[in-house]
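Structures incoming, each one as structure tokens.
One chain, subunit A, links the two complexes that follow: it is found with subunit B in the first and with subunit C in the second.
Coming up: the complex of A and B.
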């Protein structure tokens, strides 16, 4: 009669007795852990599947479409032509390169100013955060630009930039200043869009940076204060370095978001005058939805997609480096 | 004695309230659209009078198998559409069909119709059939042919101006009924010209001279022009062809673009000169409402554009100068006078849900009675029916300064050479031209550079569309 457990090389004696008891208890626990993991995976899989379907599949379809000259008004134009769209975009399409240049100009104008204004207000609020009333009032007022529907904000700015009906022109007239035709001048039109964009999104920066500041530990600040640091020194040498991760995240958000500016362009300038305010996503929209060249428009969007992805990864990498150093 | 609500109690009651509201609203929701009468249903009962020939005194009685049907219609903001909007209750009463008329601006209409049709949508039962888009939409079969309906209801078509029907024919089938016989005309402040002792300008040179004399900024600007990229390609060819040029070399045979020829450059210089020197818009991009407002508020003197959008200027309720304006033919260039024409109609998208009801609406909206009333009671002078154009009432209302607008329309139809406009690629070509003109007006490029760039791009567009182009280009 074989003894159970005889084949196993357990240490014999009292130690072996306890070891056997522990091992006997451990095996079911390990099995239960594996079951538990399997259960969690099984619960997650449907959600992940849906997520994949909803995000990855359309992107794959987009990429596939970009290899065709698909024109919605031309039945039979859904055929594979390889990289022809991309070649045409990158080598022949001046309007595409112009749109990239417009996007670069727009983002370099809007993001720094949004962050600067947002950061200034956030710092002010943080240093005054013991005055609850002030913080509340500030937050409530300054959040308004961000929560107004983008189209409404765009309409508002369009009216402000139209000399015949704008209150700004009226005031300037009272002060004896000349009339400015914002939307008729290529540079001023771009500036107009930038101003509207900065106004609309500085609250985003302000709120996120304020939250970031609030989450910072108090001790370094107090220590610096005790050491006699001025407010400016406090900000520059204590708060900002600690705030870097948050700053990077906000920067990432704003840069990626600035590539998506659409309502302002659509309502205020429609890309004009000429092509002076036509960024890449608006150009893609024109090609795809206005003229029906879905295939070509997909190619533009794919390039934008990978460019934005690369940019995001670059910015995120910097955070990790910074985190590593700190 | 106040009872303090626990959180659980609160959530429970909120849930009940929300549920109750949803149920109540669901119960109050309007009845779902009943299944429409299938197209192959038995023909209209014999008791309904067949649609009579021009000018019936009352609305055609429509049988009411459509009672309770609601249709959605998409059109742009024009005097005709505003009149139809006002007259809709009559239609609903006569036919039982409720009409949700959505009115948008012209650039938005261009996009929305395109998106709807290309996606095979069934949101709208009827939409504007846009002249420059017609070929593009009929080719892939996005629009329902109307011949069967026309035959079934024995609708006579001979009252429609032939030039307004032919653009909507594809492979012999008619795809829309027209409501506006668009033509470019010149509207001007007769009182201002009279005061300065001037006659209505007849040539481009005259136009410059007259503008020079009546231009008194900042209270009064001599000129205004629509420079929006999707609209400026309607008035601009007046100059292009007036100087002997054309969009393509010999449409429809030779579709080689000729947009940077010496004639094109001269024409554009003239066109832009007027805008930069005398227009209230200056370098700003102006669209239809801006131009209408400029003239209606007495701030601008002369506007050369589509007759169909002059309406609000002649409406005393909307304009300060309704009785002070006159309309005349567009000025001529060295090569002749070339008004531009277009026509827009009403069509039924391929996947519309209530095609029969939509047809009833289209029939009513383009009937002689409604078109006549839109001209006499409204300000829609560019009607598409000959009976209306030649009627006494029309002559009485639209004879301004001794000129009958009906005659102007007839003359424009006679002189126009718009073979370039009807090709499916024209919307894109037109927009590119418009953007080029925008670059010139805003000072980004010289006339020659801008037109060279436009020519290059339009050659690309035509080549990609499969046309064979002949050198030089």
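Coming up: the complex of A and C.
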């Protein structure tokens, strides 16, 4: 094992010039570099191998099965049929197009509200810094919906939307509002899912935007205060413009995550009534894992997979691989 | 209260008006915050109280809080062997934590200390895994596991959980390792320690706080996972979140059991999440937003 020369600045693998330090030191440095490369590669490779096994291999298999009519209940159905699943999906399958429309409605109901509520709370918590401890206690309370098990969150709302056991029924009765069977009506069922989803994930926006606000530099704020800006002006012209990159990233994350909603649908409506609350993710689950049509379901999932992949590229372009490479 | 607001005696004497203004603003703040907290907590509290009510009391509107309290629901879930499901969750979550740390910690350290030529690609890979819909892995893995006899086994579910557990560990710990000064490692090399000894004897002990936080997060994420568990476990192998939903299906709507089981799996998660919320942000976004 090579000893690093004393004249070397250590370690920072980022610096390529270390080898140029002193001509005489070149050979041991090269040897040390090789040792380092071998060592760190050996640390990295096992993790990447497992990750390959559980992510890359399945996705390749998924793409392969999407070209077959594979049905778990029909052995021997694993044969190549080209793009037939995709053609059928895109041209004939009304339920697929309906599921996309449901997803669009659901995401456009939930994401804007989550962003608005999250941003308001984050700004509120941020601007009340003179009562910081109190604010932190409440921030911790507000993140609870996000950290409880998703299936439990779904069950809570299933209870609240079941009139016989729900406090909502009682409160609506007190206010003189009519009793509604939330889950029996297509629009109301979708609204019920949206309400539960907003409740569960507004803390995500709040937490991330609050962290974003806390990370902003103080000086522009101080300058604006000295110039006599009102709180509203401060928010509108100083905080929001500076927060924009974070807002974009949080928005993208919420859009992508809204596509994977599962426990809420599974527990509260099961996609019904009819297919009124069946988003694409749930439809793919029904086809593949409930009915066993692996091939057809794979085609749906492949389309969704590449859509989310494109969105992650968008996010990655906006953020750097945090910290390193500096 | 005095710790929350700055009300020094001198100020109070000189400018009573300002003090009252401050108190008023504090009171207003409290009203707003408590109101919001109430809205946030109502679903949770409603479920928790239902778990302690008799079947008749659950259906009583308006609720009569003076009577109808019971521990019957908790006895019922023990009678239906819910503890077996809790044990399944415990085993799979522990295994997931151990393996994700075992593979993820060295990888995160390597990515922090060495500039790999494909570094950005690895970053994208990990972020893409975080963003991908779980069914993209679940569907092909289910088909593959059917052939490999891995469906409905602890090994199978743990393997599936590594899809999200390893990326989470790497993304949280890489910046954490970046923040550990390298001077100590340098002096260890000068003293003749090799890279492995330095990693195990110097870096890992220094990283104990980060490692324990990420271990807790890994555990929680596996503990509350529902989608994969629904697909990969059946019958007595079901994890706790899947078993609860099963209470919905047979014997009608057994609200007592559902709410009791829900309360049981929820409480530890709330407690531990609040302990580690500092790391929650990078865990949630795979590091794409700094905390």
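Keep this in mind: the second predicted complex is superposed on the first by the 256 of 326 C-alpha atoms of A that agree within 3 Å, B and C clash if a C-alpha of one lies under 4 Å from a C-alpha of the other, contacts with A are read in each partner's own complex, and residues count from 1 in each chain.
In this section, contacts are C-beta pairs under 8 Å (C-beta built on N, C-alpha and C of every residue); 3 or more make two chains touch, one makes a residue touch a chain.
If you're wondering where the values come from, they're calculated on a predicted model, not measured in any experiment.
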**Request:** Check whether A:28 is in contact with subunit B, with subunit C, with both or with neither, and answer first, second, both or neither.
**Result:** neither
**Prompt:** When both complexes are superposed, which of subunit B and subunit C contacts more residues belonging to subunit A?
**Reply:** C
**Prompt:** Touching A:176, do we find subunit B (first), subunit C (second), both, or neither?
**Reply:** neither
**Asked** Which holds for A:309: it touches subunit B only (first), subunit C only (second), both, or neither?
**Response** second
**Message:** With both complexes overlaid on chain A, does A:184 touch subunit B (first), subunit C (second), both or neither?
**Reply:** first
**Prompt:** Is A:228 touching the first partner subunit B, the second partner subunit C, both, or neither of them?
**Reply:** neither
**Message:** Just checking: does A:82 make contact with subunit B only, subunit C only, both, or neither of them? Give me first, second, both or neither.
**Reply:** neither
**Item:** Which of subunit B and subunit C A:289 touches, first, second, both or neither
**Value:** both
**Prompt:** Which of the two partners, first being subunit B and second being subunit C, lies in contact with A:211: first, second, both, or neither?
**Reply:** second
**Message:** Per the definitions at the top, what is the overlap between the subunit A residues touching subunit B and those touching subunit C?
**Reply:** 72, 162, 289
**Prompt:** Any idea which subunit C residues touch subunit A in the complex?
**Reply:** 3-6, 26, 29-30, 32-33, 36-37, 40-44, 46-47, 50, 58-59, 61-63, 99, 103-104, 106-107, 109-116, 119-120, 122-144, 146, 159-160, 162-163, 166-167, 170, 174-175, 178-179, 182, 185-186, 189-190, 192, 194-196, 199, 220, 223-224, 226-227, 230-231, 241-242, 244-245, 248, 253, 255, 258-259, 262, 265-266, 269-270, 273-274, 277, 280-282, 284-285, 287-291
**Fill in**
The residues of subunit A that touch subunit C in their complex are 1, 3-4, 10-14, 35-37, 39-41, 43-44, 46-48, 50-51, 53-55, 58-59, 61-62, 65, 70, 72, 121, 124, 128, 130-131, 133-134, 138, 140-145, 147-153, 155-160, 162, 164-167, 169-170, 173, 199, 204, 207-208, 211-212, 215, 246, 249-250, 253, 256, 259-260, 262-263, 266-267, 281, 284-285, 288-289, 294, 297-298, 301-302, 304-305, 308-309, 311-313, 315-316, 319, 321-325
**Asked** Taking the complex as given, what residues does subunit B use to touch subunit A?
**Response** 107, 110-111, 114-115, 118-119, 136-137, 139-142, 228-229, 281-285, 424, 427-428, 431, 435-436, 438-439, 441-445, 450, 453, 457, 460
**Request:** Spell out the part of subunit A that touches subunit B in their complex, as residue ranges.
**Result:** 72-75, 92, 94-95, 162-163, 181, 183-186, 189, 269-276, 289-292
